[in-house]
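Going in written order, the chains are labelled A, B, C, D and E, and every chain counts its residues from 1.
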Amino acid sequence: MRRAASLIIGAIITALALWLLWVLQTALDMGAGPRLAEQAFAGLPTTGVSNPVTAVLLSYRGYDTLLELGVLLAALLGIWSLGVASPGFQPAGVVLSGMVRLVVPLLVLTGGYLLWVGGYAPGGAFQAGALLGAAGVVMRLAGDETAGLPGIRAQRWLIVAGVAVFVLVGLATLALGQGFLSYPQAWSKWLILAIETAATVAIGTTLAAAYVGGRPWSHAVVGGRD
Amino acid sequence: MEQLLYGGAGVILFALGLWAFLVYEPLLRKLIALNIMGSGVFHLLIAIAERGELPPDPVPHALVLTGIVVAVSATALALAMGRRLEDDSGGR
Amino acid sequence: MSLETLLPAAIVVSSLLPGVFIFLVKEESHILRGVLNMAGALIKLVLVGVMIWGVYQGETYETRLTLAPGLDLVLSADALSVLFVTLSTVLWLVTTVYAIGYLEHSPNRSRFFGFFSLCVSATVGIALAGNLLSFVIFYEMLTLATYPLVAHRGTPDATRGAKIYLAYTMSGGVLLLVGAIWLQAITGPVDFTQGGYLEALSGDLQGPLVAIFVLLLAGLGIKAAIVPLHGWLPQSMVAPAPVSALLHAVAVVKAGAFGIVRVVYDVYGIGLADRLGLLTLLGVLASTTIIYGSVRALYQDGLKKRLAYSTVSQVSYIALGASILGPIATIGGMVHLVHQGIMKITLFFCAGNYAETLGVHKVSEMDGVGRRMPLTTLAFTVGALGMIGIPPIAGFVSKWYLGLGAVEADAHWVLLILAASSLLNAGYFLPILYRAWFRPEPDAWPKERPSKGRFETMGALLWPPVVTAGLCLIAGLLAAAPFSPLEWAALIARREYL
Amino acid sequence: MSAGLLLIFDLVLVVTLIGLAIAALVSPDVRRAVMLFIAFGLWLALVWARLRAPDVALAEAAIGAGLGGALMLAAARRAARQEAVDGQTDARGEEG
Amino acid sequence: MDASLALAVSVPLIGGLLATALPKRAQGLGLLASVATVLVVGWVMAGVWQQGSLHAELGGWAAPLGIALAADGLSAALLGMAALVALGVGIYASGYFRSADADRHFWPLWLLLWAALNGLLLAADLFNIYVTLELLGLTAAALGALTGTVDAVRANLRYLLVGLLGSMTYLLGVALVYTSYGTLDLGLLSNALEPGPVAATALVLMTAGLALKAALFPLHFWLPPAHANAPAPVSAALSALVVKAAFYLILRLWLDVFAPVVTPSAAGLMGMLGALAVIWGSWRALRAERLKLLAAYSTVAQIGYLCLFLPLLQALPPGAERDDLFVALVLMALTHGLAKAGLFLAAGLVQRSAGHDRIDDLGGTAQHMPATTFTIALAGTALIGLPPSGSFVGKWILMTSALESGQWWWILVIAIGTLLAAAYVFRVLSRAFNLEPTPRSFVTQARTEVPALLLALTSVAVLGLAADPLWRLLGAGGGA
């Protein structure tokens, strides 16, 4: 019965896939459709960065990125609302903790590097933030219950930092009469860097906290479960 | 040709993920399926950004970057909910 | 903003607003509630008085609120609506007094009087509705407002009765809605017009027009309790007496009958309705209902049940009047709208008094009530004789005009129906009167009379039936006086047959 | 590099990618499935690098495969442990 | 450049951030942000009222490179409804949660949800819509699970997964569009679009994804458990707003952007699904054992009603009649939204007071709380479509137009749906009348009862009797 169902589903989906492939081919056969790349490259000099992907993320479509940071924040808030974190693993052995002492600074350093080069080379806030988060994961694997994160209060400020700086910059430009997130050209580079820095910290903290998987204990003692 | 090859791979990944999502019951399986589905869509976007001689289109790249972060956020939330369920049923 | 545009709305609001406030009144502050009730009723009476005078002088009153392009909520006053508004307003005042007395110590009075007021607002809205859309709106509001009244007691019986009531009226509402929308899709938004407004396009639309009439008639017939759509009426007898009185004499049943009159005269126009063969349909249904209701009434032992079947029968006189082509029959039907109202409300008030004072619910328990409660029984007698059609009580006038109209229109079978129905009326009312006046009192009743006054029951319960019985007599005796129901019905007929 | 050779290279990349996806989706052992999913993510990053999307490739490797994989792995490990515990209790239940 | 549009998203967002960072003051900050958001939304609506539509380019980059926000009559009307419901839900929530902890978790997620909702209604870019959809879906699922019971978490986990499936499907459609047309901006796209397999497939994919989120029959299976098990204020928002938001996008795509691609048979299919949803949803609501489950199934039915408009809109040529029908659709959506919010809030109070919400055992609990019972009655009136509610007017216009365009069969569906709705509403109300003692006053707990009552009252009295301004708001905005 189950097998039959899964076969039927399989057949339908195969048909769907073939249809989609045909449509894709039709779309591609219509020739090289228009694309936004040329406009994106043309606008690049005024954005203050030279990596086109960063330009799209932070300048052309900065609003998307702002909301995306909101998604990340929402996920963590959801995770926190579900309960307290479980205690981590048993303390790591000497060898592992030695490795951690080596790997974590390396990850943080690489993260910083990626953040900095993001303006003109592959890299940027997300990749950098991911490395920070990875550092947290490694620390928790090595037995640090908090994944190297600070206390709950600081954590709360850190996770909102990315969205907060982003939206405040947006409102500031709005107040200057420029329109939401329209950076003045002279400041553009630095504003983007500031936003990226805040975003990196927020992403790193959020990802590590998500890995911890529940709200930190200190809060739990005050509130209790629901 | 290249676009069709890679784009087609994206479509196939999407279909595979969809199939697995509908067929498998456990949460983790469904999440893997969803992520592969998403990867298929992302892959399609990356494939159409690549146009031979021209430099690749950065806009789909940025969209995919956004998509990846969204996907991982959703995965994390879903896993946390799954763990909550496990804890509750385990505690009983 | 002038009197002409505000008056119809003010008449509706004068009971709506007190109704809303009454919900908010704390249960135990009965004085505040009473003041709100009476103030609303009296203000409405004054406003209606102004309107009667104005309409008589040929003034037009109209409130128009645009709900959406092409959808206007219209409240306007013509002679027909004034007839129904006046009836509702006067009887509401009387019933309010009665209900305050009747429910003195029962629970949930704020809820009761709140919905009671909403119910009257809806009825007045139906009376004043100036087009089908407005009519449907108030018609549905009436359903909503009466449901809690029927269910008020909260016993399983009450809940069941209310459920049946709702099932019928909701279905009726949907049929009416579909019919009204269909009609509007054909004609566009048109207000009720004296003499009807479909005459012009009847040519190639015969089929749809007949179908629409059947839909509308079914929707209205459910509330008017036309056989075979009458099933809810006896079931809803579980409601408290003032509610039964209001449902039967004024609000629900009357709203259905009034709607039929509206559709026949002011939508289709009686001429067109006749040519489409719709009057015959209506006449047959009405006659069947008259006979069937009376026959069923014969076999009821429950006093209220007997009265309920009597209502089924009597209300169809109105439809019967509308189904005969000719101004005299029209007068008969219209005037019965009022006469049946005041007579039936008298009977229900009395039935409530018997139940409340002596615990008498059945006809078989009524031996000797006349000696114990002479005033009440006197009022009951007037109402019952009126129903049978004994002169000089109001009911006689209705039947007389219906009969004359039938002769005028060469519809002699109607005379047969009238005669048969009168006999049956006598058959189920006279035994009650005989028991009440000529049989001895049983011992089971409380020996002690109410200590408060010298009357047989408390004043708030006694005076309403006495007043309405008086009205029955006056309406019959002074039928030829200006502003009597008969004269007013003649005014309507003159305007309809222009 | 000739066009034909490049096409073969592309084909290998794509076929491997789809193969890894299928393996990850149908692998009977959950932990293995997650491992395969991580491998799939890394391979995907490689393909994207081939498609001249280094930023995205980096992000996919770090976030999609890396952190997403780490999260899933933790869940898979817990699931496996749970199964083991359940299996033991079941076995005991049968014995008793 | 209009500042109000960006503020409509930023203000609740900032509120959410502050509520996250300062959990102890979450409630106060949340209420403050709610009021501020309502004011901003009022500003947006005033702008649309005066100018017909608003448009703002973000980041100083014009579309197609940048992202624009846009508001027309449709989005302004829904924004207004969302603001009203959200304000009501906020005030209610401030008196609803018993533990401070739940309250603290509620506010940040709730304000983020509101920001996502406003963002979605103002979005003019296909990918931006995807991001707002995800933000909406994540916050909605997290809020729905706040009850913390196994049922709630399980149902909302499913909701989350189904939502993700929907957004992935939607995104595939977006990718196809970008392949062919190289733009994501709705306005530019609607100019460039040509009927053909690519556009049609993209529309099918996006619609399928959105239909999953809008719980359009037969993709509604996830909704009843998710909405029925969420905390009452969350259920209200989910049913009234989140589902409607996905439906709004379907409307946007079908009537606006992809209008040239839509064929009569496609629209007819949507109408069919709508009809099935009306009947199935109402039937299940009638059979539901629990009050909140009843409300959730009635949401399924209501999305169906809205779909019934599509084949008729498709059949009508542009003109006053079509505009009327379109406004009727919006009116119906607004009425249902407000009424459903009121109903869920009231159901939450009943559940709290009785300790359960099994309909058959509700006797008396409803009578303890006259205001709450009244709320259920008012909301029920709007759900059935009785006068004087806004849905009555909407239904009247819908039925008229069904008759005029010869598609009379929809009338049967509406009639059956109406009767079924009456049956399930009065099934609840009939429990209110029994022999319990009399309550002393109408309102017992103002902070939670009054918002619910006002929401339901608005759906009946205001939208039914004073909906005329809506015509101007949408007419001037060009509507579809």
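Please note the rule applied: a contact is a pair of C-beta atoms (placed from the backbone, for glycine too) under 8 Å apart; a residue touches a chain by one contact, two chains touch by 3 or more.
Here's who's who by UniProt: C = Monovalent cation/H+ antiporter subunit D family protein; E = Oxidoreductase.
Small disclaimer: the values here were computed from a predicted structure and weren't measured.
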Ask   = If you take the chains that touch chain D and keep only those that also touch chain E (Oxidoreductase), what is left?
value = A, B
Key: Chains touching both chain A and chain D   = B
Ask   = Relative to chain B, which chain has the most distant C-alpha mean position?
value = C
Request  = Just grab the chain with the largest centre-to-centre distance to chain E (Oxidoreductase), centres being mean Cα coordinates.
outcome  = C
Note = Using C-alpha atoms only, the most centrally placed chain is E
Note = Most contacts overall join chains A-E
Task = Report, in whole Å, the distance between the mean C-alpha point of chain B and the mean C-alpha point of chain E (Oxidoreductase).
result = 28
Request  = Could you give the separation in Å between the centres of chain B and chain D, each centre being the mean of its C-alpha atoms?
outcome  = 12
Request  = Averaging only over C-alpha atoms, locate the centres of chain C and chain E (Oxidoreductase) and give their separation in whole Å.
outcome  = 42
Key: Euclidean distance of C-alpha centroids - chain A vs chain C, Å   = 72
Key: Residues within chain A bordering two or more other chains   = 20, 24, 28, 35-36, 40, 53, 60-61, 64, 68, 71, 74-75, 78, 82, 126, 207, 210-211, 213
Message = Using the touch definition from the top, which residues of chain E (Oxidoreductase) touch two or more other chains?
response = 65, 127, 131, 134, 138, 141-142, 145, 153, 172, 179
Per-residue overlap in chain C, given as positions that touch at least 2 other chains = none
Pairs of chains, among all present, that meet the touch criterion = A-B, A-D, A-E, B-D, B-E, C-E
Query = Across the complex, what residues on chain E (Oxidoreductase) touch chain B?
reply = 65, 127, 130-131, 134, 137-138, 141-142, 145, 150, 153-154, 156-157, 160-161, 164-165, 168, 171-172, 175, 178-179
Chain E (Oxidoreductase) contact footprint on chain C (complex, rising order) = 23-24, 26-28, 65-71, 73, 107-111, 133, 136-138, 140-141, 143-144, 147-148, 151-155, 158-159, 162-163, 166, 170-171, 173-174, 177-178, 181-182, 184-185
Request  = Using the touch definition up top, name the residues of chain A that touch chain E (Oxidoreductase) in the complex.
outcome  = 19-20, 22-24, 26-28, 30, 33-36, 39-40, 43, 59-64, 67-68, 70-71, 73-75, 77-78, 80-82, 156-157, 159-160, 163-164, 167, 170-171, 174, 178-183, 223-226
Message = List the residues on chain D that touch chain B in their complex, please.
response = 7, 10-11, 14, 17-18, 21-22, 24-26, 30, 33-34, 37, 40-41, 44, 47-48, 51-53, 55-56, 59-60, 63-64, 67-68, 71-72, 74-76, 78-79, 82
Residue ranges of chain D touching chain A (in the complex, touch as defined) = 54-56, 58-59, 62-63, 66-67, 70-71, 74
